[in-house]
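What follows is one structure encoded as structure tokens, with my remarks underneath.
Each chain carries a letter (A, B, C, D, E and F) given by its place in the written order, and its residues are counted from 1.
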Amino acid sequence: MPNILLIKEIVKKALEEDLAGGDVTTEAMIPPDLGGQGVIKAREELFLAGLEVAREVFAALDPDISFRPEHEDGDELKEGEVVATLSGRARTLLTGERVALNFVQRLSGVATLTRRFVNLVQGTKATIVDTRKTTPGLRALEKYAVRVGGGQNHRHGLYDMYLIKDNHIATVGSIKEAVGRARRAASLAAKIEVETKTLQEVKEALEAEADVIMLDNMSLQEMEEAVAVVKGWALVEASGGINLENVRSIAETGVDFISVGGLTHSARAVDLSMDITPVED
Amino acid sequence: MPNILLIKEIVKKALEEDLAGGDVTTEAMIPPDLGGQGVIKAREELFLAGLEVAREVFAALDPDISFRPEHEDGDELKEGEVVATLSGRARTLLTGERVALNFVQRLSGVATLTRRFVNLVQGTKATIVDTRKTTPGLRALEKYAVRVGGGQNHRHGLYDMYLIKDNHIATVGSIKEAVGRARRAASLAAKIEVETKTLQEVKEALEAEADVIMLDNMSLQEMEEAVAVVKGWALVEASGGINLENVRSIAETGVDFISVGGLTHSARAVDLSMDITPVED
Amino acid sequence: MPNILLIKEIVKKALEEDLAGGDVTTEAMIPPDLGGQGVIKAREELFLAGLEVAREVFAALDPDISFRPEHEDGDELKEGEVVATLSGRARTLLTGERVALNFVQRLSGVATLTRRFVNLVQGTKATIVDTRKTTPGLRALEKYAVRVGGGQNHRHGLYDMYLIKDNHIATVGSIKEAVGRARRAASLAAKIEVETKTLQEVKEALEAEADVIMLDNMSLQEMEEAVAVVKGWALVEASGGINLENVRSIAETGVDFISVGGLTHSARAVDLSMDITPVED
Amino acid sequence: MPNILLIKEIVKKALEEDLAGGDVTTEAMIPPDLGGQGVIKAREELFLAGLEVAREVFAALDPDISFRPEHEDGDELKEGEVVATLSGRARTLLTGERVALNFVQRLSGVATLTRRFVNLVQGTKATIVDTRKTTPGLRALEKYAVRVGGGQNHRHGLYDMYLIKDNHIATVGSIKEAVGRARRAASLAAKIEVETKTLQEVKEALEAEADVIMLDNMSLQEMEEAVAVVKGWALVEASGGINLENVRSIAETGVDFISVGGLTHSARAVDLSMDITPVED
Amino acid sequence: MPNILLIKEIVKKALEEDLAGGDVTTEAMIPPDLGGQGVIKAREELFLAGLEVAREVFAALDPDISFRPEHEDGDELKEGEVVATLSGRARTLLTGERVALNFVQRLSGVATLTRRFVNLVQGTKATIVDTRKTTPGLRALEKYAVRVGGGQNHRHGLYDMYLIKDNHIATVGSIKEAVGRARRAASLAAKIEVETKTLQEVKEALEAEADVIMLDNMSLQEMEEAVAVVKGWALVEASGGINLENVRSIAETGVDFISVGGLTHSARAVDLSMDITPVED
Amino acid sequence: MPNILLIKEIVKKALEEDLAGGDVTTEAMIPPDLGGQGVIKAREELFLAGLEVAREVFAALDPDISFRPEHEDGDELKEGEVVATLSGRARTLLTGERVALNFVQRLSGVATLTRRFVNLVQGTKATIVDTRKTTPGLRALEKYAVRVGGGQNHRHGLYDMYLIKDNHIATVGSIKEAVGRARRAASLAAKIEVETKTLQEVKEALEAEADVIMLDNMSLQEMEEAVAVVKGWALVEASGGINLENVRSIAETGVDFISVGGLTHSARAVDLSMDITPVED
């Protein structure tokens, strides 16, 4: 879970863009003291993610809303199952509904798609990881949703790992030199990964003692050979053009990680609803 | 186009989440004064949206980057066509690449999907509009992308239009009373829309002089009857469960607007690349 | 009421500019645990607006302050009537007093002036509306105060309505073309208004199917003629040079709206006081 | 002049509240590359204040706008005189006009009212000063406008001076004790002022070596006596109920400062216009 | 104490830079509902400062943490003494520990060093004051710590006092002219100080009626002569090159203030620890 | 170097706290158009860090200041050497001086102290690294200064590495279990470190395949034994109570890293000056 301060800030921005001058309809219709109940339900099969973000949406508007989860992030829900029930001012429930659902639908969409990939590689040693192809402003939340779906995260940004690409190598002259420079500059915490396109480059990265070697758009056979060459002395990541059709065969080549940009950049939002009913005291 | 101050703020947040402590790899490899050229290309057929956001990404990092568009938002591109060329410090090009592409891929994805819907209703009087089911934090940009794709926008948030739903009606007692309250509260600028589920409700909304009447999840036949009842005295919007398969038949019922949540909540990111090559002075 | 997140942000800025390094006098004099009571009173006749903003001022400093309103926004108060009573730490009451009063005095000033205009047009069909001539940073609050005073709001900003002025018309060539462009660009939610200076322009705007027609600085007779021409097919707004002396005669021409910049840009702050007395446990 | 970073932040907030989703009318009508000229004029006699804020409004939208002042802050303008001329994109001129004028009209209103008070006390030793009764969020700008109008500033907030009021005195027991505490707590930079209601209190404040003694709502005769008692050993400030009618007689009592809340809380905005004309290349 | 809103903002920034994507170790190890106790202890002799900031660190993460101080700011602690005990979620205690200690260690370091200077000048009339050589972003807190340590503050920034240096004097021509300009521009609240390097300049500053005269890097004998010349008609501040070795002899020259940059720019953080133990319900 | 957006934000905060209502002295004395030159010099021997931050300070105030470095970060300077020369408006130079120096003095202080430690371990395999004991709000800059001084960084915060401490181990039951949990939760980029206090714990950490093993407050002999046990299969870090006196002997035990909290929490600011002279055109 990203830290609570970040979640609050993202929630605040989202509410501000929806609310601006206020929920004019609700203010004109609903008395300020009318109570209400809300029920959030799954409208299709899904893996839940982002429930605490929904809680924060309502809390930001009104600290008196009671938010009772029936499930937690990572649970698999059937169509019709209740996610959470809420009670408090009817106005707040109506005003917060859309923003809360927008978060949970997107994040559960990411978790659900991730889980499909994870299920497909079950029994192999491969772990599904994400990329930096995330929605601007929501990276921490989307990477969290990937973890909820059973995947792991690749680096969080340009700052927490060295990922040496062809441009970098071309500029400094060789993989060996590039890894050496990274090692000297790196924090104690940072790993070093090298992107490779050929078996020759895999060997160079291995000799340079890279922590992780990325096989970029290689064929299945090349990947198998690369895994054989590396023999566990470095971690191996398959990358490029991976989808639900080919992920299993890639996993069976023996790679340690498979990175899938689509987990975050093209996940379909899953369908959730929130029913709100007024409650007289 | 959302105002430039908002774009700059969104870009800043996106860069901050990717950069934090800096692009450690590039800083360790690429000399600060090495020049570079970048070419952004379409890797599939798409409608372009968000090019100015990409420009702002690089400008926020380095005012000296030259950014030369070869196309503008709204253009249809074939696979392989050049979107823009850039020149300046190689470091900046490498550091800004991913964030810039993340924006353009998502926004072009929204525009491209919108255009598919718009093409399908060509020749009818129906206009494709979006919803509030947008990515938290990116609403203004995504609504812009819908316009680029040939759609129009529904309300921007809870503040700029009255949209009276069943909960509101239940609380105040009748559609007539609800519209009356809205009219008294409304700014001179705000229109009033009523969500209806039956023909009876359509008639009540019409008598209450709603500006727009939403037909919520009605059958094709109900929609046709509703259009016949309204006779142009209000605008009519079809809503609920609309997809690429059924949008044409809905348009042919004679409704004025068709709102599609999927335009923004489930558009697939389109594929774009940026090739960067160092340039010696 | 603007959304609570916006109010909190405005309150925070206001406290920051007054407090900076702290309320040095109170800190040097008043023990941290000394209790206190505060009584906010009207010192002249006024229509109250902004009470919840005052509550937020004290809440931002100290969540333990009890704030008990004796009236609510929109109430008419006589000189000497109690607006609210507060209890809690004496330090907080002393520190928050000025900022809280600054808000309520200004907003009640706007509400009170608005009410004077509203009273003057009673019995006509005219509604008093505001303009964009608001205090930078306080627009949402001032527009709220106009509503509290019985007026309605014109557009909230450049974004929620099309208001076509002479410059726009000159550039595109004709009122007809201008309205057409606006209609094609407009969101489903946005109305279109045209500013006119002559009866001829009123007719063109009517033919172009503008939603609202502004009569800019017309004579009473021209306004009457314009109303006769429009015959209810569009809303008609009188604008320019309106004051307490001439508003009644303008209202009697039959216009729907009368916009008054002075409601917000030149309202006099009304006089309120807050008496604070220490309370021993 | 408040520091440039603060001005930029206030300008940004003001533009954001007006622009949000953009200037929809201008974007629909005015081609992006159309040039324009703008002329800002006084529409009544006024003392100018806030011109640099207006410049920042346009600069924030578009760095290419040329802004050429014909006058500077503090100048007295006759009706019809040109304040500044602008050139650049017509879109920017139209979009920034209202926010820029809102600033200059309010700040010039404060400067103009201040100057009326200052003129009335000419030839006496009294200096007109402001109070903390300023518009929330705009204090630094309004206090600047007071200086432009020939007044001086009282303290900027609760942090930069000790102002000991009756509540403080009641709590600590005596004026002497209160001033002593303030002196021990005060920074080297901070002066100490005591609010007095009787001649006896004036004497106590003098003995306690207050730097400034405020005469709160005293009669003219009491003020004269107070001035005689103090004999220049402390600065003397008249406060409470001061207006254009009584300010001269108060000044003639010999006080050093006269503080007027109305300078900022009730100044009428002065009238300025901006004419914009398109310019073909 | 700086105002609570500023403290909250500084705490938020500090937590954000430490937390970003969360406390990954604690989240992987510690169950969310496990309780814990924390004990903050002094690990060397020190004067405590910043305890309320530590409280805010934990409150920002989790409002349910109980924070019970055993001492308050300004207390002298021996090695091993308990500063405060905390209880609540073990996760929060672990996550907030370092940031909380970073604040208290630095601020107590400033207070402790200040106290050493203050003790050395005991019995003289000299007061130890700080400078603007503070840590960027932490000025208000560090100046608070100086007060806690028994010192007083010099001006808070460039805005709350006039400090006329050689450059200013050179530009306007003479000390007399410089002080005159300052007096005309100054708010009622602002004092005027002149930096002097010779006895001749001290005399000029005195004649110009400066409120404070700074003796910049003068010898002990020059300082004594300056004090004799000024005779109490202005406050006198010694400045430049002051340390624990020479501060006593400087104080004995009779100056009113001694300013020491090292109080804030070079204070050593004192040593504090926080022991955390899990608590089963 | 931290990313430029972060630097700009930190600089903005620092200027805001110093400037608030403006540099009142300079505004009263120095004509707006007077030119000036500034020379920043070292007043003692030092390793330079933070020069680009100084540049940003002046750029934030005034884009027209010319800033010409004579040295770059990492250079060793003798007393009296010129760091940079500036030219532009005299006002800007005077106003920005203190904030700019505050940054460079602190960061150069960190770099200089780091270099002393680095020099002491020359010829051993040990690398000097920092800790999270940094100044709140300045971590990224201080960690940069450590790198400039020849050290490397430990983790940047709680988010980019797993650091398993005694509390974590106690809660999950064993080092083995703790490392296992971390491995399952970890991103591909994150390393895992275990804090150990005994040789037995070192062995357990090694068996659990920790990436880094921290020797917490061990004796020299224990460290030697630990290094012998680990035999290069993990990285070894010495931590706790390290100073300039004992760092060499610790380095000679063969550890890979030595972490020193004092690099950032107790570095003395080095002495730099900026001389400013007016320049007539």
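The rule is short, and it goes like this: a contact is a pair of C-beta atoms (placed from the backbone, for glycine too) under 8 Å apart; a residue touches a chain by one contact, two chains touch by 3 or more.
Everything numeric in this text was worked out from a predicted model, so none of it was measured.
Student: Which chains make contact with chain C and with chain E at once?
Tutor: Looking at chain E and chain C together, the chains touching each of them are A, D.
Student: Supply the minimal count of touching-chain steps required to go from chain B to chain E.
Tutor: Steps on the shortest route: 2.
Student: Are the two sides of the chain B and chain D contact the same residues or different ones, given that same means over half of the numbers occur on both copies?
Tutor: Mostly different residues.
Student: Given the two chain pairs A-C and B-C, which is bridged by the higher number of C-beta pairs in contact?
Tutor: B-C
Student: So the centre of each chain is just the mean of its C-alpha atoms; given that, what is the distance between chain A and chain F in Å?
Tutor: Here chain A and chain F have centroids separated by 32 Å.
Student: When the centre of a chain is set as the mean of its C-alpha atoms, what distance in Å lies between chain E and chain F?
Tutor: 22
Student: Taking the mean of the C-alpha atoms as each chain's centre, how many Å separate chain D from chain F?
Tutor: Taking the mean C-alpha position of each chain, the two centres sit 44 Å apart.
Student: Can you list the residues of chain B that touch 2 or more other chains?
Tutor: Within chain B, residues 19-23, 27, 140, 156, 159-161, 185-186, 190 contact more than one other chain.
Student: Could you list each pair of chains that touch, in label order?
Tutor: Once each pair is checked, the touching ones are A-B, A-C, A-E, A-F, B-C, B-D, B-F, C-D, C-E, D-E, D-F, E-F.
Student: In their complex, what parts of chain C are in touch with chain D?
Tutor: Residues in contact with chain D: 10-11, 13-14, 17-31, 34, 90, 94-95, 98-99, 101-103, 105-106, 109, 132-140, 156-165, 167-168, 170-172, 178, 181-182, 184-186, 190, 265-266, 268-269, 276-278.
Student: Going by the contact rule set out above, which residues of chain E touch chain A in the complex?
Tutor: 12, 15-16, 19-23, 27, 60-62
Student: What part of chain F is in contact with chain B in the complex they form?
Tutor: For this pair, the touching residues of chain F are 1-6, 140, 143, 156.
Student: Taking the complex as given, what residues does chain D use to touch chain E?
Tutor: Interface residues on chain D, with respect to chain E: 127, 129, 147, 152-156, 159-161, 185-191, 212, 235, 237, 257.
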